[in-house]
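Going by the order they are written in, the chains are A, B, C and D; count residues from 1 in each one.
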Amino acid sequence: MMETTIVEKKKVRLKNPILIEGLPGIGLVGKIAADYLISELKAEKVAELYSPHFPHQVLMQKNGVMRMIKNKFYVVKGKKNDLLILVGDVQAVTSEAQYEVSGKILDYAQKKGVKMVITLGGYGTGKMPTAPKVFGIVTHKHMVEEYKKYGIVFGESKGSIIGAAGLLLGLGKIRNMSGICLMGETHGGFVDARSAQAILEILCKILDINVDVKKLDERARETEMFARKIEKEALSGKGMPPVETTKQDLSYIR
Amino acid sequence: MMETTIVEKKKVRLKNPILIEGLPGIGLVGKIAADYLISELKAEKVAELYSPHFPHQVLMQKNGVMRMIKNKFYVVKGKKNDLLILVGDVQAVTSEAQYEVSGKILDYAQKKGVKMVITLGGYGTGKMPTAPKVFGIVTHKHMVEEYKKYGIVFGESKGSIIGAAGLLLGLGKIRNMSGICLMGETHGGFVDARSAQAILEILCKILDINVDVKKLDERARETEMFARKIEKEALSGKGMPPVETTKQDLSYIR
Amino acid sequence: MMETTIVEKKKVRLKNPILIEGLPGIGLVGKIAADYLISELKAEKVAELYSPHFPHQVLMQKNGVMRMIKNKFYVVKGKKNDLLILVGDVQAVTSEAQYEVSGKILDYAQKKGVKMVITLGGYGTGKMPTAPKVFGIVTHKHMVEEYKKYGIVFGESKGSIIGAAGLLLGLGKIRNMSGICLMGETHGGFVDARSAQAILEILCKILDINVDVKKLDERARETEMFARKIEKEALSGKGMPPVETTKQDLSYIR
Amino acid sequence: MMETTIVEKKKVRLKNPILIEGLPGIGLVGKIAADYLISELKAEKVAELYSPHFPHQVLMQKNGVMRMIKNKFYVVKGKKNDLLILVGDVQAVTSEAQYEVSGKILDYAQKKGVKMVITLGGYGTGKMPTAPKVFGIVTHKHMVEEYKKYGIVFGESKGSIIGAAGLLLGLGKIRNMSGICLMGETHGGFVDARSAQAILEILCKILDINVDVKKLDERARETEMFARKIEKEALSGKGMPPVETTKQDLSYIR
């Protein structure tokens, strides 16, 4: 049986690297934040991950060239910490596949010296938040106090974290890594750039980096307008199912 | 592919150890009994089992710290026999996964010297028992007479024992272990602490230990009141679907 | 991952052995024939096959002792050929599992010197045959003429042979084994002892053995009476769905 | 677990070989084209591929002999390039299986010296094309210009290429192979020999070979007549669901 494979495009040596995960998930919150980070910090692609647990398809691009469905690792050099950012088209679907892919991701991260993992995601509430909170879940108790100062809310999120955002912490902990999951409060029924903005602001504080959030701001405003419209129509009694605000965001495969 | 893994937290040497299994199953009968045993005997956690066949989720705890979904081994030192008690959040779902996890459990048990396995579960009848019987199924014929004296009922249970409670006996027998499954008579449609109490009483006789069943008694009374209420309404002609008595018991993941 | 395992109970040396397969399938035709052969020839159990692809259950027997779900190999000593007879509770469900289990069966058969495989099954037509034909499918063309003389019908069966009855021939052929599948004509909607009798008679001719078909005759008569009853009611216009004639035959697990 | 296996029937040395894939897919377009190529060029079978991910069945042939479900490799000697043509009964169903089978195909192709892969398929539009276009997707950008001259249309096909036609390119690219997928425009709801003819004509130009398309022409005319009939009835307001034109084409197993 073919295994999940990471193809390194560029060998890099990393200084105190932190793994940041932003794969597709609830409201695409983590994906939007991580993709934005990569684009604003002009991060460099260093590796690609292919998996037999991803759909058995290749994507047709406008220029007539196909590409595989994959996850990708980007690197940004930092002052104290280099960043290894994981993004991609999909997450695996079954439990076994998720465990395998997360295991391979951690293998690679460990080889690069990663000891800290930050996973990004959305926390769906079924309601439109006015100012989205950022909920946190950590691997070790002492981290709660340490991260509260950034405005992260602890102890209010319940249930379970599904997929890579959870497993990378859980499996990482067994390998003696520390980790935190930042979850932007979101409706859950549509793509939420405003929530992505909220976790990005806190992430920048944690990493002590500056990111111009202008362009994301525009997209966040779209989300907000959409949210107000829904509220208004809810008050006026008109039913309207929550749908995605920006269709292009959904061009990933599940 | 990642495999089911047992992480030993504390190396212990065990004297004539007996493996006792109480994972979630019908009426949570086995789980309630085993969890209670651990708490009353102040058993010590010695190992954790993680599996890619468990849900690809991590649980958020109230204190802001995540934890993996897992099974756990506890140890109690005894006079004649030390006890190795297996409890946990879940059982695997598919056949292949159940065989793998049970195999790993037996690997570990064998390494610790286990030659006897006692599995705990519920036997669903669709009816409320007035005084729940404890049914037994053994791995070897000569054991029937040996265990009848404890009040265990043989030859009245039919069909098959699904999951770890059955496989640990079956796979154990191939490895030359002996085993018995104690099944508390139960409705099957709700959590049944009274049935758990019934198997616990017999288990204590078998193991020649004393356990204060006070607290379980309270929970058993809840079950009984609930049962009477259902009966009464059934007689009065009001339909009422059997539901769980104590919601907190269902806070496990399937 | 645990693999399908064959546990040898008794080491035997076999003389020009022929593997005969009679696992559960259409109308239980093959199973009835093989089980009957084992009982009449007083065949001896020599090995058991356990698989993680079988249901994750153990069976409760009336005497209070559990047993695993399994397949079993029996041996009968013959004049020219010893017989290695394969029977059991179930077949695996998925393609991958069927290929694995069939591969393990052939590994064991090859080790025992098997070069010829005879698989037994039913060929469902949706109609009650008056005198069930026995259809044949072989691995090599030259065998058609060779086996026609026993009254086996070639070239009238269409479609595909599902499960072990087919795969043992197909995978066996790749290993340079010869093989034939004997399929008793049957309705398909119920257990058919008469069809089993038909293939058994031909099998005995092929193997040059004598088997007293008395007891099977009784069960075959039951099938026939049931068939006539259905026909009669069909003529009289009363609808009646075909059901199993003898309930105890269905006490296997699928 | 048994793995996908390629059994080489004849060892051949190939000169600059090109792998051409025509397994069952949309409208059977690729399969018809590749089967026709094999028959017209009198290609020789050199290897067979068996997989536990194919259905657990064997096929009954009219002559009374069974055969396994499989894929097959044929060879045609050419002037500049030898052709290694892959055809077969089925494709695997799940993602994991498709990745495994495609990996094994590429292993074999690589061993034979293949550096170029051409996959054939249909591109379903839900409409009857008057003159089916041939869409192309390549592995490397520079190939677009190179292949435009054959009349292949680039940049008009969207979405993803499912199965072997896509994966052989994607996984091949990782192994430094080049590749192109030729997709014949087709309705998608029925077997389309006319679309197969369209890709075959372009394939012959690419490979610089002559193939007498007479017989395929007849089958293509059938498709066309069927298409006109549907159109006419659509205009006259009579509903008629698109069905297969030539039933024998559907005698493959999915």
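Everything below uses one rule, namely that a contact is a pair of C-beta atoms (placed from the backbone, for glycine too) under 8 Å apart; a residue touches a chain by one contact, two chains touch by 3 or more.
Fair warning: this is a prediction, and the values are worked out from it, not measured in the lab.
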Shared interface numbering between subunit D and subunit C [over half = same, under half = different]: different
Chain at maximum distance from subunit C, centres defined as averaged CA atoms: A
Between subunit C and subunit A, distance of the C-alpha-averaged centres to the nearest whole Å: 55
Between subunit A and subunit D, centroid-to-centroid distance (C-alpha), Å: 39
For subunit B, residues contacting two or more additional chains: 1
Chains grouped in pairs wherever the two touch, ordered by label: A-B, A-D, B-C, C-D
Touching residues on subunit D, where the partner in the complex is subunit C: 1-2, 7, 50, 52-60, 62-69, 253
Residues of subunit A defined as touching subunit B within the complex: 1, 3, 94-96, 98-100, 103, 136-141, 144, 154-155, 157-163, 166-167, 169-171, 173-174, 181
